[in-house]
Amino acid sequence: MEHLIQVKKLSRDYKVAKRDGGFVKFMFSRKYKVIHAVNSIDFSISKGELVGFVGPNGAGKSTTIKILAGILSSTSGAVFVMGNDPFKKRKQNAYHIGVVFGQRTQLWWDLPICDTFKLLKKLYKVQDDIYEKNISLFKGYLDLESIWNQPVRQLSLGQRMKAEIAAAILHNPELLFLDEPTIGLDIVAKRQIREFILKLNHEYQTTVVLTSHDMKDIEEICDRIILIDKGVIVIDCPVKELKHSYNKMAIVKVNLNEPVRAFNITGAKGISEANGLIWSFEVDKTVITTGHLVFEISKIAEVCDIEIKELAVEDIIHDIYINGV
Amino acid sequence: MHFFKITIKNSIMYRWSALFSIIGSVLYIAIALMLWRFLYQDTPDMVSYMTKYTIVSNIIGMFYARGMAERIGGKVSSGAFVTDLIKPINIFTVSWQIELAGICSDFLLRGLPVILVYSPFLISNTGYYNIPAVLISIILGHILFLLVYSLLGFLAFILIEIWPFVRLLDDTIRLLAGGFIPLAILPGFISSIASALPFRYLYSFPLELLFATVDMSKLIENYIILIIWICLFAMLNIFTYRLALRKAVVQGG
Amino acid sequence: MEFLKIYGCYVKMFIKARMEYRCSFFAGLFANFYCYFITYTTFWVITQQFQTIDGWAFDDMVILYGLNLFTYSVAATFFWYNVLHLEQEITSGRLDGYLIRPMGLLQQLVCSRFGDTALGQISVSLIFISLCIVRINYKMTIFTYIYLFFAVIGGVLMQMGAMIIFGSLSFWMLRSKALADIIYFDFRTFVHYPLSIFPSFIRIILTYVLPWAIINYYPSLIILQKVHTTEEFVLGILSPIIGILFFMLSLSVFNRGLRRYSGSGS
């Protein structure tokens, strides 16, 4: 298998009890409704890729990740992770997979970090030299030195997340699943973790599958984005391409020296504040460039300050969530 | 209509837990009844007595505030009760009110059904006396129980984790208060310890009152001793509360 | 076996970590010790007053109750926290975290929390049983000692099996703990006493429906030479085997439940 992960026509259904039909019916007969959490999706991921899984809540991302990790079985379709059916060969694959769940801990709650790592070393059969090398890596890049002897339950969220990530890669997994790894963290911790993941990918070619609601994570880390909505893959393309194709719009905000009542520039819809002194324009870049817009504005009034905002991935995704592709 | 359905569905879920706890209590009493019935099989009077004793003892137990220690202890060890000082409430009275509410709902959901199940036994075995005195005794017993456990709760400022001590207290009361085994049956030295401790007022005293006529002066004497114990524990509570407060405030909460 | 090595390593680390809160650790142990000490005292008080409970003297009661308590506490050190309370692991979502590791789920649940507080119960039951055996040694033969050993193992397996089964219920229903409280804990209270004092339908239920009597009642009959019927003898002798079978049954219930959880069983 050239691809590390290969998914063909994968489906996962859930049976949910139907709650209509009145109270008595509910007690005595159960009708089921089938929900297609994942509906016949296809994709493949190669070694070393950094993929972001995005989608509204309930779209099917966590279900897909769980199937890839071997926690959940599929209803139909073919899934291959490192050449194996992840559900059937769960334990074998587990030696080569690392998972970080942002919202729950997988560490031993009562033990200090140092002991947790010793246990994981035994569990994953990590060799001594690799173990030592990784430990010094963690202490260096993730600031684990200062909390080395503290029990997990005494750590702050940021410290715990760093420990979780370290724990997930202690055994040098080829594949790393990150489910909301930066949730609730401060900006310094977020940046540290993002840099660490990129470094990991660069040094060890670790394949990373990242789920996050923080689009900055996706933007900074991933080179490919897969958007799932209602169980179906809606977008599967490189992040750059997404920005490029959706980047038709920009926002230009100008502060003027004298108030202007109205502008009439094609391709730019303006809204004024402060009685015409400040104007915000929604610019259609296929019609007019931002530079040209400013030129047109300055023909009418002197511009003393400009702010140009390109659409970030977050705005693009928000737009898609609301309006569809 | 929708709300009504949801409320019914919720109360059905809730009712399963209530049903389970009713079954638990019924079983507990049944085992004790069968045990005494066997042990006293040659003396039917004693069987009758122990049947009444066991059932009423369990009913009395329903009126004691079991969660008081944990409720107070949790707030004390976390220091939260200091922040509560800003509000115009008192940790003791609030915990007491919550416990009283719990007792009421527990009585309605569990107590009444259990009493119903065992009412034939209660009715067929007559001989109940001094009911007003018994009720007073139960109320005083409730207060004593409350104060003993709240003292433990306040001690959380030293002990931090109080669950082991709550258990120690629970088990001591189990043996020495006369709830399961009447104090008259306890052998010599255990019996003297039990008489010296205040716990006999929780079960043994009201039960003795209920099943036999009693002499007025003895009754008054016992009430006085009980009230003295209550005052003692009340003072200990106040003292420990002040200590806990001082420690928490000094620490910064 | 590797699992034992990892488990041993974990227990060592856990105790070391617990020892930082030395007072609370020992307080917990003592509380458990005291609790069951009081229970033994209760039996003693009753036998003082009535001489015997249907022919069971205090020493007999110590064996009867001791078998129950000891086997329960040994099983509890492994399974009480995260297997019997599997409900909490599922609702908190921690179960998924176990499933991504290269070790069986049940083994991981055992590894995730060592039941240190059960050590209090183990010590109190061991002390009482040992002292008692010294006193009744004249009645015991080599055969009795060998049988006692296997009966204890069988009992431990049954208690473990019960904890696994009731924990596994949370794969199918909410509030499985409440059900376990009644069927496992409350009903097992019957076997604190010799079943002969109860109406016979109780003994039948506790043998063939909820087999808690096989943990301690029938083995006690054999050890204390109180066997009166063939049925009692057979059940007593076979108790280790029944224990093994029950344990295996519990494992298959657990696996069934796990398959349902991962969606391939429903």
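Order of writing sets the chain letters: A, B and C. Residues in each chain are counted from 1.
Everything below uses one rule, namely that a residue touches a chain if its C-beta (ideal position, glycine included) is under 8 Å from a C-beta of that chain, and two chains touch if they have at least 3 such contacts.
In this text, all values refer to a predicted model and were calculated from it rather than measured experimentally.
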{"item": "Chains in simultaneous contact with chain A and chain B", "value": "C"}
{"item": "Geometric centre: closest chain by C-alpha means", "value": "C"}
{"item": "Farthest-lying chain, centroid of Cα atoms versus that of chain C", "value": "A"}
{"item": "Approximate Å spacing (C-alpha centroids) for the pair chain A, chain B", "value": "54"}
{"item": "Separation of chain B from chain C, taking each centre as the mean of its C-alpha atoms, in whole Å", "value": "29"}
{"item": "Cα-centroid distance, chain A relative to chain C, in whole angstrom", "value": "46"}
{"item": "Contacts with 2+ other chains: residues of chain A", "value": "none"}
{"item": "Complex contacts: residues of chain B adjacent to chain C", "value": "16-17, 20-21, 23-24, 27-28, 31, 34-35, 38-39, 159-161, 163-165, 167-168, 171-172, 174-175, 180-181, 185-187, 190"}
{"item": "Residue numbers on chain C that touch chain A, as the complex places them", "value": "5-6, 9-10, 13-14, 16-18, 92-94, 96-104, 112-113, 262-264, 266"}
{"item": "In the complex, chain A residues that touch chain C", "value": "12, 14-15, 66, 69-73, 75, 87, 90-92, 94-95, 97, 99, 101, 103-106, 108, 110-112, 115, 118-119, 122-124, 151"}
{"item": "Chain B contact footprint on chain C (complex, rising order)", "value": "21, 24, 27-28, 30-32, 34-35, 38, 41-42, 45-46, 48-50, 53-54, 175, 178-179, 181-182, 186-187, 189-190, 193, 197-199, 202"}
